[in-house]
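Both complexes shown next keep chain A, but they swap its partner, so chain B is in the first and chain C is in the second.
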Partner chain A sequence: MFGLSTKDTTLLLFVAALTLLAPFLLNPFPENSAMAQFNAGYPDLMQRFVIFGTFAIGFNILFGLTGYLSFGHAAFLGVGSYGAIWMMKLLTLNVIPAIIMGVIFAGLFALLVGYISLRRSGIYFSILTLAFAQMSYALAYSVLTPITGGETGLQLKATDTPLLSNLAPGEIGRANLFGVDMRSSYELVIGDWLFTFNAGYYIAAVCMLIGFYISIRIFRSPFGMMLRAVKSNQQRMNYTGLNSKPYTLAAFVISGMYAGLAGGLMVAMDTQVGPERMFWTASGEVVLMAILGGVGTLIGPVLGAGMIKYMENILSKINDAILHQWFAFMPDGIENLLVAIFHPFIGKGWHLTLGMLFMLIVIFLPGGLVEGGQRIGRIFRRRDRKADSVESDAAKQRKPAE
Partner chain B sequence: MGILEIKNVGKRFGGLQALSDVNLSVAENTVHAIIGPNGAGKSTLLNCLVGKLIPDTGSVTFQGQSLLGRKPHEINQLGVSRVFQTPEIFADLTVLENVMIPCFAHRDGAFQMNALRGVRSETDIRQKAEQILEDVSMLEKENMQASSLSRGDKRRLEMAMCLVQDPKLLLLDEPTAGMARADTNNTIDLLKEIKDKRDITMAIIEHDMHVVFSLAERITVLAQGTPLVEETPENIKGHPKVREAYLGEAQV
Partner chain C sequence: MEAIILQILNGLDKGSAYALIALGLTLIFGTLGVVNFAHGALFMIGAFCAVTLQRILSLSYEVVDDTRTDFLGNPLKVDVPYVNGWFGPEMGQTIIEWSVPLAILFAIPVMMFVGYAMERGLIKHFYKRPHADQILVTFGLAIVLQEVIKAFYGANPIPTPAPPAFTGSFDFGALIGFDPNQIIYPYWRLIYFTFAAFVITAVFAFLQFTTFGMVVRAGMADRETVGLLGIDIDKRFTMMFAIAAVVAGLAGVMYTPINSPNYHMGMDFLVLSFVVVVVGGMGSLPGAVLAGFVLGILESFASMAEVIDIIPGINQIIIYLVAIIILLTRPRGLMGRRGVMED
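Right, the complex of A and B next:
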């Protein structure tokens, strides 16, 4: 289906089902139960899952296939966001032109940065991209204030009069898709459970699914094979009559456009941008996502993005009071001891948990969460050796056909 | 005028004159062997042909066009393929993919943005790749990862990758080193067959005299960066200068 092999179609449908049913899947606990704080099915967080999923899918096309590690991808995210918000300020509050503008702006900027940075490889390439991103961040903060809004950034204001949206004087515009407000939600109550279906989330989810589909096509194309050839042996590639430069540049621009898409979506969901979006930690985060999930696999980056965003938003909200509640059934001394042990890992300490998890995965599961999934899968399917799971194929990426 | 003309080529590495005043003409559709002791500069000479090194002096022309100043991929596009002394293959890819890549390069040129076309639908390329794997008797290994092959198999794979591009000039740097006797004989047969079937010129560096005398029509002996003699295989066997070059090495 869709020009994909059966396995890839299964994978695509699986991811589609996960994203479309996310409001149910992420809210497994009743609203007023003690476990409700682990529910991730609220619009804000779900949007972040798919937006960063998109970002990581694109990053993986560059890093996973060609092996070029960019440390500046947040710059493209930021440029995409600025492009999108200007579109909303000037032209229309409809999100589609804004998102498209984000992709185009980021793509053009990636063409420039890629053209220069790809003159070097390895660590020098990484440093060049990092330098570009930090430069963009600093410029957005200072000299470019007229177009970036400097430290405060840009947001939709009462004074904005987009050409095609007739706002009442003094009305602050809201992002919409042909009249459907991005923030509008339908809430479904079943017993003690509350499920929220948010318009913005579904638009972002569809964008991610399209991005995911394109990424599968790229992975399975002759172009994708050439990108893996770049990673494997650039010398042989050259002596085979192939010029690796345009291939790496194309991959760089494509992944920059994914970042721009993510940036545009961010603006569509929440109509504001600040330069901190381009800070180097944001670039580092997407590297972590890809590695955590499984570099060079199809679904890995999405899993990695989900994992990091879940921890950032859920783990960081757990505080000592909640811990005391959990361990209240223990004798007082033990309760306090347990709380003291867990204290560094929760709340602001979620970074520590993430860091340790990251180290464990890199050391024991170099293929990331996908490899973990494969190992578990293998345990369950020992007797049936030939039947590879959908993702093990993606992870190995060795078979060109099928 | 040969298909490949090397004139007065010299190359220096620091204090070492690796090549000096090399003149060599390779006639079209012949197999030309280059032999000589280790460190004679044979690989360096090939490096100067494919754009890996730029010679300090002299000129290199292929079919009347200068190769100097061209990038490796441009030289390959002119019809020059090379098998390296240490196999250069796509180690992370499967054997089949290793051969498909040169097929794509041969058909599509140096760059093609076919990002949405499926490899699966490229049946012609796949057939061509499987045919050459069949020819080098590696078809049953097509789904193996190239890094897991034996050294001899890696060499054969690299040879298949070059042959599938249908090069006009094939440069082979010790193609049978590290191969078992049977594989060496297979390689000789394969190269003979290719030579009979196609319009191809080969320059082959080889230490195994059995291979050299089975294939070569001309032999150049290189010692300390300069050609000593160029002769037919019959005349080279008892040639005093050749003995000198090899015995000289043995005495040191």
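Right, the complex of A and C next:
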């Protein structure tokens, strides 16, 4: 289907089902129950899942296929955001032109940065991209204030009068898609459960699915094969008479455009931008996402993005009182000890958990969560083989797609 | 002329910090071949050594002072630091005020231990993995270290003043024959620069004039041959890692009066120090020091009002701009050896 092999179609449909049913899947616990704080099915967080998923998919096309580790990808996200918000301020509040503008701007910027940075490889490439990103951050923060709004960033204001949107004077515009407000949600109550279906989330999810589909096509295409060749042995590739530069540059621009798409989507959701989106820690975050999920695999980066954003939101919400509740069944001394042990890892300390998890993954599971899943799968398959060799053959075909 | 000298002086202290961190980074890269993204965290840990020592010295016990009363009319309880009790109030106060220089002595063993533990515990296992893996695992370590510090010391900057003898400024211009009140320079920055120069000289002297240093230099040039000669080069390289950690830590200790330490100061310096290393040339120790000072001074020149008037925003981006130009025109850096990571 869609020019994909059966395996890839299954994967795409699987991811599509996951994202489209996310409001159900992420809200497994009834409202008002003690576990409700683990629910992630609220629009704001779900939007972030898919937006950062898009960002990570794009980053993976560059890092996963070519092996070029860019430490400045957030710059493209920022540029895309600025492009999108200006489109909304000047032309129309419809999100589609804004998103397209974000993609185009980020693509052009990526073309410029990539053309220069790709003249070097390895750590020099990382430093060059980092330098460019920090420069854009510093400029957006200071000199380019007329365009970027400086420290306060840009928001839609009552004084903005987009050409094509008929706003009453003094009315603050809201992002919409042909009249459907991004923030409008439909709430479905079933028993104790509350499910929220948010317009913005579904638009972002569709964008991510399209992005995911394109990334599968790239992975399976001859172009993707070329990029893998760059990663495994660039020298040999050059000896066979191929110039790798156009391929890497194309990969860089494509991945920059994904970042721009993510930036445009962010603006479409919350209609604001700030320069901190381009800071190098934001670039580091997308690296973490890709590694955590599994670099060079199709679904890994999406998983990684989801996991980090989930941890960021849920872990940072837990506080000592909740911990005391959990361990209330223990004797008092042990309860306090356990709370004291877990205290640094929750609330504001969630970065510590993230850092530790990240280190463990890099040390023991260089392939990320996907490799972990495959290893667990293999253990089960081995057990199957002992029990019944026929069954194991069937299991082999169920092998999780990358 | 005065303006130029003033800018050079202003650039020296930041340049010293860059040079010290970059020196450590280069030592690690030159010996172990590891790209250490956690080096900024070592700088930060050094700074917090000073904070810790200040807190240890200020540990107090309560004494009831009968001569004074609090607002309720009860005898006033006064916190007296233990050092005051041991050495007498005047001496004790002096010790507390001098906690930053004293922290140098405290930081050396601590940083040595941290560096040793880091190399043996983590970095050792990453020699054979690609550079990207090394970057990533040390990046993760940097996050963990900075979060641990945040958990213990909080997120706010902690003021750690210099000894009173060195607070304030002096008239540097008058000393070297310019009109008075033209070049005013804080004492501590001059001390920082002198200290950095001393540490850098010490490291170079250590490498140049001791047998240990000679073996390390040989190992940097050709690790395998040194190993074949029956020398346990790994042990020496571990020591060099510890020394690099000490250098970064000392840079951090002495930097505390200039900028109150906070948990993310390491990351702030790390990015710039990497740029410095690359500009100086991967693996070149003199290059790292030179580039550190040059970039520090360039940054301070770029923040002159006259320059900003011509090219707005240049002060924010000058270092990165220089790095980009250097990388594109002379990829091995200012003083890098031909062929060392030149691609």
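Here is the rule we use: the second predicted complex is superposed on the first by the 382 of 402 C-alpha atoms of A that agree within 3 Å, B and C clash if a C-alpha of one lies under 4 Å from a C-alpha of the other, contacts with A are read in each partner's own complex, and residues count from 1 in each chain.
Assume a residue touches a chain if its C-beta (ideal position, glycine included) is under 8 Å from a C-beta of that chain, and two chains touch if they have at least 3 such contacts.
Computed from a predicted structure; not experimentally measured.
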Next item on the list: Kindly say whether there is room for both chain B and chain C on chain A in the superposition, answering fit or clash.
Entry: fit
Margin query: Looking at A:250 after the superposition, I want to know if it touches chain B, chain C, both of them or none. Which is it: first, second, both, neither?
Written below: first
Check: A:366 contacts which: chain B (first), chain C (second), both, neither?
Finding: second
Margin query: With both complexes overlaid on chain A, does A:351 touch chain B (first), chain C (second), both or neither?
Written below: second
Next item on the list: Identify the partner contact of A:138: answer first if only chain B is touched, second if only chain C is, both if each is, neither if none is.
Entry: second
Next item on the list: May I ask for the angle at the C-alpha centre of chain A between those of chain B and chain C, rounded to a multiple of 10 degrees?
Entry: 80
Note to self: Output check: A:224 vs chain B and chain C. Expected answer is one of first, second, both, neither. What do you get?
What the structure shows: first
Notebook entry, point to check: Which holds for A:242: it touches chain B only (first), chain C only (second), both, or neither?
Noted result: first
Check: Touching A:28 in the superposition: chain B (first), chain C (second), both, neither?
Finding: neither
Notebook entry, point to check: Between chain B and chain C, what is the tightest CA to CA spacing in Å in the combined model?
Noted result: 12
Note to self: Considering only the contact definition stated at the top, list the common interface residues of chain A for chain B and chain C.
What the structure shows: none
Check: For the complex, which residues does chain B have touching chain A?
Finding: 50, 71-73, 76-77, 81-82, 84, 88-94, 96-97, 100-102, 104-106, 108-120, 122, 126, 143, 145, 161, 165
Item checked: Contacting residues of chain A [partner chain B, same complex] -> 3-5, 214, 217-218, 220-226, 228-229, 231-233, 235-243, 246-247, 250, 254, 398-402
Checklist line | chain A to chain C touching residues, read off their complex | finding: 67, 69, 116, 119-124, 126-128, 130-132, 134-135, 138-139, 141-144, 280-281, 284, 287, 291, 344, 348-349, 351-352, 354-356, 358-359, 362-363, 366
Margin query: Taking the touch rule as given, give the residues of chain C at its contact with chain A in the complex, in rising order.
Written below: 35, 122, 125, 129, 131-133, 135-137, 139-144, 147-148, 150-151, 155, 267, 271, 274-275, 278, 282, 312-313, 316-317, 320-321, 323-324, 327-328, 331, 341, 343
